[in-house]
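This structure is in structure tokens; I'll ask about it shortly.
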Amino acid sequence: MSTALKAMTNKRPFDAGRAAYLALNLSLLAFLLVPIAVVLIFALNPTPYISFPPVGVSLRWFEKFFASSDFMNALWLSLWVAGCVLVLSVTIGGACALALARGNLPGRAFLTAFFMSPLMLPAILTGLALFQSYLLAGIGRPTWGLILAHTLVAVPYVLRTTLAVLHNFDHRIEEAAAVLGASPIRVFFEITLPLIRPGVFAGGVFAFIVSFDQFPVSLFLVVPKGETLPVVLFNYMKFDLDGAIAAASMVSILLALSVVLVLERLIGLKAYVKL
Amino acid sequence: MTSATIKLEQVTKTFDGRVVAVDDVTLDIRAGEFFSLLGPSGCGKTTSLRMIAGFELPDSGRVHVGGRDITDLPVHKRDMGMVFQSYALFPHRTVAENVAFGLRMRDVPKPDIVRRVKAALAQVALTGLEERKPGQLSGGQQQRVALARALVVEPPVLLCDEPLGALDRKLRQQMQFELKELQKRLGVTLVFVTHDQEEALAMSDRIAVMNKGRVEQVGAPTEIYERPRTRFVADFIGEINILEDEGRARALRPEKIRFVPEAEARVGGTVETANFLGGSTLYRIRTADQRTLLARETHAGERSPRGTGDPVGLAWTDSDTVALEG
Amino acid sequence: MISRHTMSRRKALRTGAGLAAIAAVGAPSILHAQTRTLKITTWGGKWGEVMKATVLPAFEKEFKCTVSADQAFPFVPKLQSSPRNDPIYDVLHTNSNEQWNSFTEGLVMEKITIKEVPNVADVYPYAVSDKIVGVTIFTSAIGLGYRTDKGLATPTSWKDLADPKLAGVRGGYIIPVNSLGQAHLMMLGKVYGKGLTDLDAAYKALEALKPIKLVDFTGQMEKMLLSGEVSEGVIHDSGVYRYDGQNQPVDFASPSEGVLALEQVLNVTPGSKVKDLAFGYIDYMLRPDVQKLLAEAVWYSPANKKVKLDAKYDAKLLTTPAKVATLIQPDWKWYNARKEDIDARVTKILKG
């Protein structure tokens, strides 16, 4: 039998299930990408409203976005807040996950539920409750208060992903290191941390995006001249519903994407996929 | 390489205040000895080993290594080697880094590390795989890395918890030989946990047979096999016939039973089943007085095995039987 | 612009720095002793630009204070959640119906009079009428916006919106969430029934407007008119006039039955610690020069009778007693009291 014939006989026969699976995936992809495409068209469209078909291509909305000090201040603040939230939630969420998975804490299930609870509460209530607490405590609405609020809702993401990694973690790997002479601290830094890192940082990426896109929690907690980008966009929309909103959304999407890519590069989220 | 004695002194370990995992165990393991802990699942082998390693603190009793009481010494200061059943290799480190780990922890100078890692890998025939990650190795190769990683620091004591359990039969036998050979060459004291009596008999200098957290008998393989002290040991090691004789139990190994003409027979019976084992056949025989006896016949020459239903005559001498306690 | 930007980054860096941040909390109160702070709400968009660039800096200079202007919605819930004796705002700027809600909850004062704000002496009567709590500083006129390129006759009556030709291309609001929609509903009662409170007539008339494109805020209505998705819709004059000079085929018509008032109202919170500044600010906002500046920036009709607008604006905005007389003020107190029932009813009508 010739090789060509052999290749033909080895070809996967048409499979309805597989075709349906592919179709499902393609439609999901379209479902995810079409809104982004619409936003892009709106952002590049010169008219202040969406017109189909687009009447031309212009960068005027991007110019307007980048020239506006309100937008730029908000963008920087959002990035700064999201960066802090990333660091804080990774530290807090990672530590909590370790304590919950490892420490022989009484009421572990309760504690886990407790740390996850910010996800159950409507975010707008979290924001409102913190707003009232801050005012009652007389601390006003400082930026660190906003960061803490975002951290509160971001920690569960880190906690979840880290717990998932720890759940599959073979404790004997750490024991092996200990027998080989590694003190508990060295075991943590040489073994535990590198192994849970993908989970922690996957959670960190979520945390960053949750904060960067956060609207409901921020709504009550931002102060005049200290508004995050989603809040500024929301209010902008009430008065000027034009392509600058779409331009801002495109910039946000690209920024979030590049943060994910940079983190991926630096930390290597995929590094341990094949364990 | 140095080796050390290990001594467990009336060690007891209870979990959750209920499960007595190890119950008043005393063991004297000699320096350079291949010592096995053998027993059925849940009898406390792993727990005993983990107390030697320092992962578990005994409720009472002391642990000595090399004459020094190390009961309260933390794991990382005990200077031991350990091989886990699951190997427990560091998945994010290469083979070389895995092996180098213990040396790095001991602040061995870098050039020495390189040299010793190379030698250790050569010793387990893994030269050339230095840069692989554990995930890219076969089970047997991972096993050897685990062994090299444990031995490269030249520990006076090597602890192995069912290290060959995950390997297929062929590889397992090969590794049994290799491990035994390596242990003898290095002279390390090796404590070997297994529930496989054949493996224990084949490899050990001495065996401790454990049951329900207690040590039933300690002795050389032949001694354990030939002179089991208790009914449990007799039963656990190999095939055995327990004969009730004036209220006292006596053990008789199947291979001590001879097939003889009926006139000379101590008992007569018929073959119920015949298990062909290659070098020998194990028969289950129903005797005239409705008991069952196991008898093993080694094949010599062209003699073909007996078939089901064949009448046989069996004989043995009293000195071949062993009196059992309890 | 550049310096502001670096400022806020530096501030952010400072506040993020853990313990240092806690130390920084004390700073505003020390500042307080020297310069007082007036906390207000204000609109965004063009209005916000003029406020931030011109009006507020001038006010701060004259009154030797700093103004913290919140442009982020929602103002009333934030005020609601802050302590009454130390409210988050000193001056609340909203449309009239929200002022009524706030007043009912005791969040703002009832009347602003000449005693506190001298310039109230010069406002048109609608600005301090019994339909208003606080004081109106500007008003818009709610009427009909329409496309000039669709061969439509210039609307002259609210009834023109029911023209069968407009089926599917007339625009209205999701009434429960938009005060223009609510005002329009009351207007339907007046036009088709016995008066603004004739809800039964209003419901019937609303039913007859289907099919209708519904939006939740006015910006969307503007865009739908601009894009031609809607040929005629309910909108305030400033929402159309703001495109003046941009060559858009849209115009605003004042129906003969009268236009609805969309008032910009300022009010003071009873718990304010700087009431004099708060009243001073309202007085300032009613000054003819400030009124002219803002009116011409966003096409709002000034409440102060003495304001003289440029001809272009004077022609279109409500700047004479005669034009002001066409304004109809909805009774928000009456409406808000039955809002839940109305919401349920109109939702049912407009569904499907």
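All chains are identified by letter, namely A, B and C, in their written order; residue positions are counted from 1 within each chain.
As a convention for this text, a residue touches a chain if its C-beta (ideal position, glycine included) is under 8 Å from a C-beta of that chain, and two chains touch if they have at least 3 such contacts.
Only a predicted model underlies this, so the values are computations on that prediction, with no experimental measurement involved.
Participant: Can you tell me, using the touch rule above, whether these chains form a line, ring, star, complete graph or other shape?
Facilitator: Here the contact pattern is a line, an open path with two ends.
Participant: Can you name the chain that lies farthest from chain A, using the mean of each chain's Cα atoms as its centre?
Facilitator: It is B whose centre lies farthest from that of chain A.
Participant: Looking at chain pairs A-C and A-B, which one is connected by more C-beta pairs in contact?
Facilitator: A-C
Participant: Which chain wins if you rank chains by how close their C-alpha centre is to the centre of all protein C-alpha atoms?
Facilitator: A
Participant: How far is the middle of chain B from the middle of chain C, if each middle is the mean of its Cα atoms, in Å?
Facilitator: Each chain's C-alpha centroid was found; their separation is 87 Å.
Participant: If you average the CA atoms of chain A and of chain C, how far apart do the two points sit, in angstrom?
Facilitator: Whole-Å distance between the two chain centres: 37.
Participant: From the C-alpha centre of chain A to that of chain B, how far is it in Å?
Facilitator: Using C-alpha averages as centres, the distance is 52 Å.
Participant: What residues of chain A sit close enough to touch chain C in their complex?
Facilitator: 47-51, 69, 72-73, 76-77, 80-81, 84, 128, 131-132, 135-136, 139-140, 142-144, 147, 219-220, 222-227, 231-232, 234-241
Participant: Which bits of chain C are touching chain A when the two form their complex?
Facilitator: Against chain A, the touching part of chain C is residues 1, 4-5, 8-9, 11-13, 15-16, 18, 21, 24-25, 28, 43-48, 68-74, 77-78, 81-83, 86, 88, 217, 219-220, 222-224, 226-227.
Participant: Which of the residues in chain B end up touching chain A in this complex?
Facilitator: Answer in residue numbers: 53, 55, 75-82, 84, 86, 88-92, 101-102, 105-106, 133, 135, 149-150, 153, 159.
Participant: Quick check: in the complex, which residue numbers of chain A touch chain B?
Facilitator: Listed in rising order, the residues are 170, 172-173, 175-184, 186-187, 190-191, 194-195, 271-272, 274-275.
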